[in-house]
Amino acid sequence: MIGFVLKRILGAVVTLFVIITLSFFMMRLAPGGPFSKDRNFPPEVLENIKKKYDLDKPLLVQYGLYIKRIVVDFDLGPSTRYSDRSVNELVGDGFMYSLKVGLGALIVALMLGLISGLLAALNHNKFLDYFPMSLSMVGISIPDFVLANLLVLILTQMFFLLPAAGVDSLAGYVIPCFTLGLIYASSIARLTRGGMLEILSQDFVRTAKAKGLSGSTILWKHSLKGGLLPVVSYLGPATAGMFTGGLVVEKICFIPGLGKLFIESAINRDYTLSMGCVIVYAVLILIFNLIVDLVYGLLDPRVAYE
Amino acid sequence: MQSPPDEFVFNNSAEPETLDPHRLSGSYDSNITNQIFEGLMSRGADWATVVPGQAETYSVSADGKTYTFRLRPQLKWSDGSPLTAKDFEYSFLRLMDPATASTYAYWFTDSVEGGQAFAKNPTTENRANVKVRAIDDRTLSITLSKPVPYFLQLVAETPAFPVKREVVEKFKDAWIRPENIVSNGPFRLAEWKVNDRIVMEKNPHYFAAQKVKLNRAVALPISDKQTAVNLFRQGRLDWSGPQGAPGSLVAAYRSDPQFRVHPAFITYFYRLNVTRPPLNDVRVRQALTLAINRQELVERVTRGGELATSVYVPPKVGDSKSVETLVGIDHKQNVARAKQLLAEAGFPNGKGFPAMELLYNSDETHKRVALAIQQMWKKELGVDIRLFNQEWKVYLQKQQMLDFSVSRAGWAGDYPDAATFLEIFLSDSGNNQTGWKNAEYDRLFAAANKQMNVKARNEMMAQAESILLREAPIIPLFFYTNFGFLRPEVLGFEPNLIDRPFLRYISKQGG
Amino acid sequence: MSKAAAQNDSLVQSTKSEKNHRSLWQDAVKRLSKNKAAVVSLVFMTVVVVSAVLGPILSSYPYELQDLDRINTPPVVMDVNALPDGIRTVIPEDYIQLGPIYWNTRHWLGTDELGRDLLVRILYGARVSLAVGFLAAIVSLIIGVLYGSIAGYVGGRLDNIMMRFVDTLYSLPFMFFVILLMAVAGRSFYLLFIAIGAVSWLTTARIVRGQVMSLKNSEFVEAARASGTSHLSIILTHLIPNTIGPIIVYFSLLVPRVMLEESFLSFIGLGVQAPMASWGSIVADAQSIYLFCPWQIVFPGLALTLTLFSLNFIGDGLRDALDPKLKGKQ
């Protein structure tokens, strides 16, 4: 088990390194740099700024310096756009907001997804199957910017129930958490239903039924563990996705989170900031995948830690 | 939910990149910096007028080259320490030092004696030769290498704001953080959370602190316009910000008494790449200029109260001039003339006109304008162009490399003078970006800037602008408007050309 | 084992030989035709495709034609003589009264901010959206099938490296790469779906690899190998055709996902070039005025949502039909 974890962590480090390298060169390849602005810097000024960020050096040297700085100092460097700020700080602050919204979204997604998925599976081919499943279909078919705008319109402008934007109060979290959560809830519901249906049709459940075990015992003791496996594996990337925030939700609900930082830094060619976001995102994905694999092993004895 | 009467909560539309007065470049930055710092001269609530700031009086020598500023007595920084002419001397030198890498250093390096040498080669000797001198604690003298008629305008803007040497040298880049910063304006920076909020509090050490009515101001960087309007509607914003509503809704909001629309100091125009055929033919450029129905464009397409224009420099306070333009009042005649010019250039009814692209950056309004103009050129001239939308940085790069035929552009004035607009089309300007060079234009511009007689100077500027319009490397389309929701209890926020809130003049009823 | 592999191995498990191929397909069609939701969705999609092809040809308005006299004209109004509100234009001659409501006879679904006919734009947008969806999915399919089958067939070390690479790409933020790809290679319609396709082939590769691995030691492949068939031709003629079931299923679920992604790109201003329109870009265009002109967001939004809805139903139906064992699983 420990050997497995170590091996996976080693693999993750290699993966991370490849990702950093890929993103670094992709970013530099994209036209327009962090200092192309609508008001051009005089050439001498531009030289000075480039020097400050090591951008005057050959690309490979820049890459070496960057890797060295992350590995040795754990420092993501100064932001090229917000010149008085370090990327560590920007990404850290943004992540705290996204984390809060993400946790809320995760709760919404799990509650709604699991409940409607279980309902559907236990009422296979009945109204309580079709209804939540059709609803979840809407969930995966509606663009999030339409959903977010709709919620804002109804809940804050037609009925003054919630603050229109901002997360200075708990009420401010409702719309972003629901918008983000609903999208994932739909997938979780579908996965739960599918997983449960498969398990419920398997021999050991039938045997248990034949032995006269009650429905709830079968559900809780025997089926849930196996039936939720697909959900567990889905939750890895999904949780990482929720924790790093969504651009749309953050923009419409005015949340200073990571999602907005990420897309905007890529568009603004803020080299260091967008690299920082890539790294945070990748690290989260790798961590959650590791957790998923571990949980998977606990739930499913057939999976040995390779 | 409403803010207390001594607090003003407003939308600043975006996160400032920096608040360092010598490094900033955008209006989101300067809208904050202007509250927490103040230069020798300052601005009236209408922005265009210059009023005494940290200096109580000034005098100009007869040749217009030497300015002597007399500071107010007992000036203090926000930490209570004395602010002297030495601080201003240090600040001007910091601005001009190439190591500071200021976008606007050229305003002073180009005109202050010794400035250019220092900017090229920042040696101790060159530094000592820059003619910005603190004569005593309250007297600062600046000697220019040539007269600059609008010099006081420059002195009132952010690049000329003072910074405190000890703080800057101690904290380096982090000096501007709320925990380190020391400033001298009517407000001081209390809190700055990136992408979240900037909180400013009244600075008790400001010389006119008793005249400042607000105790606190909060600036929010809300980029989504609809979100800003929604927050205003809920009473959580006192002002929805510069351009603080979706542009396409201005027409509907105009009837709302809390909504105001007023002219902006920004020209919307198209750049033509004169190095690329067929745009290297002035007749083609003129034809394209003439065929656009600007009135229709602002009334039916942009609909934000914009002012249609065929000239380039926006009208401003206390300014009269006669600029010649190709475009007449009668659109039909313009089109007839355009057709004729195009035929003379060898493309009768657009026949044989090569494929051309119109470059613009991703934005709702830019897209609508481009679509409308595409249809106008097609309909009136038979000229087909393709729209080419790019994200911001790619757009900038293409424009910079002259990798376009027609490109959307806008220019906002930095100070209320024609020079801030006309200087970008000088032959050697980095912001020219059309490939157009004209010696007569350069000459007129330089001559105008030596001319201290206002009327004669305006005349020369107008002549230069007429050349620009006749040669048509650009197609002016309209002057932008500023618009946004402002709560009726807010007093003293005069509409100004750059929509900058001057918190020192603002108060709220009951406050 | 990691997430996506786990997610898809349900699809991977089925092993079929060529012999029962035909009856499998016949069974599948039979099962599909019993699935009401899928049949209704298929009919709906047929209607969408036919009107997308014919609509813009039959209409008297080109999709890009602006009529600046008719900006934001609503499809229906209660009163043709109501005072103008600054945003909408109502020209009484365009409307006829039926009951208490006036209907727009000139532009059935109203017009947009430049007075363009919304119906034609939605029909034209259908072409673009569907084309982007299908072409991007095909691109992802081609890359994924080739990559996956080579990895699966060769196996061993190469397989290990190739799949590690796929794992790595899985941890990359998707949108970041699409944005940069579009910036590096320029913005064109073709690039849009190539970019999306190029980043969404990973799951296809995994599915195909699993299939190929389970098939490569089966009798008919052994037989082909013994008779001297080249590796390439074994992959192309024997292995890939046998993975078609799960691929079709995955494909049908990928198309709606890609369409959704395209709408997100439109939202951040990186969609198709104007005056071209996709459903996503029409919805995104109407974003700021949806309060005043709800029809501009409702109709294209409905078209987009219903189409994604039916594509997902068809995908579900296909999966159930092709592999009854997996009924209902994502």
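For reference, chains read A, B and C in written order, and residue numbers begin at 1 within each chain.
Just so it is clear, a contact is a pair of C-beta atoms (placed from the backbone, for glycine too) under 8 Å apart; a residue touches a chain by one contact, two chains touch by 3 or more.
Since this is a predicted model, take the numbers as computed values, not measurements.
Q: Averaging the CA atoms per chain, pick out the one whose centre lands closest to the mean of every protein CA shown.
A: Located nearest the centre of all protein C-alpha atoms is chain A.
Q: Pick out whichever of the two, B-C or A-C, is joined by more C-beta pairs in contact.
A: More contacting C-beta pairs are found at A-C.
Q: Give the label of the chain whose average Cα location is farthest from that of chain B.
A: C
Q: Just give me the whole-number Å value for how far the CA centre of chain A lies from that of chain B.
A: About 40 Å, centre to centre.
Q: Measuring from the mean C-alpha position of chain A to the mean C-alpha position of chain C, what distance in angstrom results?
A: So the centroids are 23 Å from each other.
Q: Quick one: report the Å distance separating chain B from chain C, using the average Cα coordinate of each chain.
A: From the centre of chain B to the centre of chain C is 45 Å.
Q: Could you say which residues in chain B touch two or more other chains, in rising order?
A: Residues 226, 391, 393-394 of chain B touch two or more partner chains.
Q: Check each residue of chain A and list the ones that touch at least two other chains.
A: 30-32, 149, 267
Q: Quick check on chain C: which residues sit in contact with 2+ other chains?
A: Only 179, 183, 268, 287, 291 qualify.
Q: Quick one: which bits of chain B touch chain C in the complex? Just the residue numbers, please.
A: Within the complex, chain B contacts chain C at residues 225-226, 246-249, 251-252, 254-255, 296, 300-301, 303, 362-364, 367-368, 370-372, 374-375, 386-391, 393-394.
Q: In their shared complex, at which residues does chain C touch chain B?
A: Per the touch definition, chain C meets chain B at residues 64-66, 68, 71, 85-87, 113-114, 179, 182-183, 187, 268-270, 273-275, 285, 287-289, 291-292.
Q: Write out the stretch or stretches of chain A touching chain C in their complex.
A: Residues of chain A touching chain C: 11, 14-16, 18-19, 22-23, 26-27, 29-32, 137-138, 140-146, 149, 153, 187, 190-191, 193-195, 197-198, 229-230, 233-234, 236-237, 244, 247-248, 262-263, 266-267, 274, 277-278, 281-282, 285-286, 289, 292-293, 296, 303, 306.
Q: Residues of chain C touching chain A in their complex?
A: 1-4, 6-7, 10, 164-165, 167-168, 170-173, 175-177, 179-181, 183-184, 256, 260, 263-264, 267-268, 280, 283-284, 287, 290-291, 297, 301, 304-305, 308-309, 312-313, 326-330
Q: Using the touch rule from the top, collect the residues of chain A that touch chain B in their complex.
A: Those in contact with chain B are residues 30-33, 36-45, 48-49, 52, 78, 81-85, 89-90, 93-94, 149, 152, 156-157, 160, 163-166, 251-254, 256, 260-261, 267-269.
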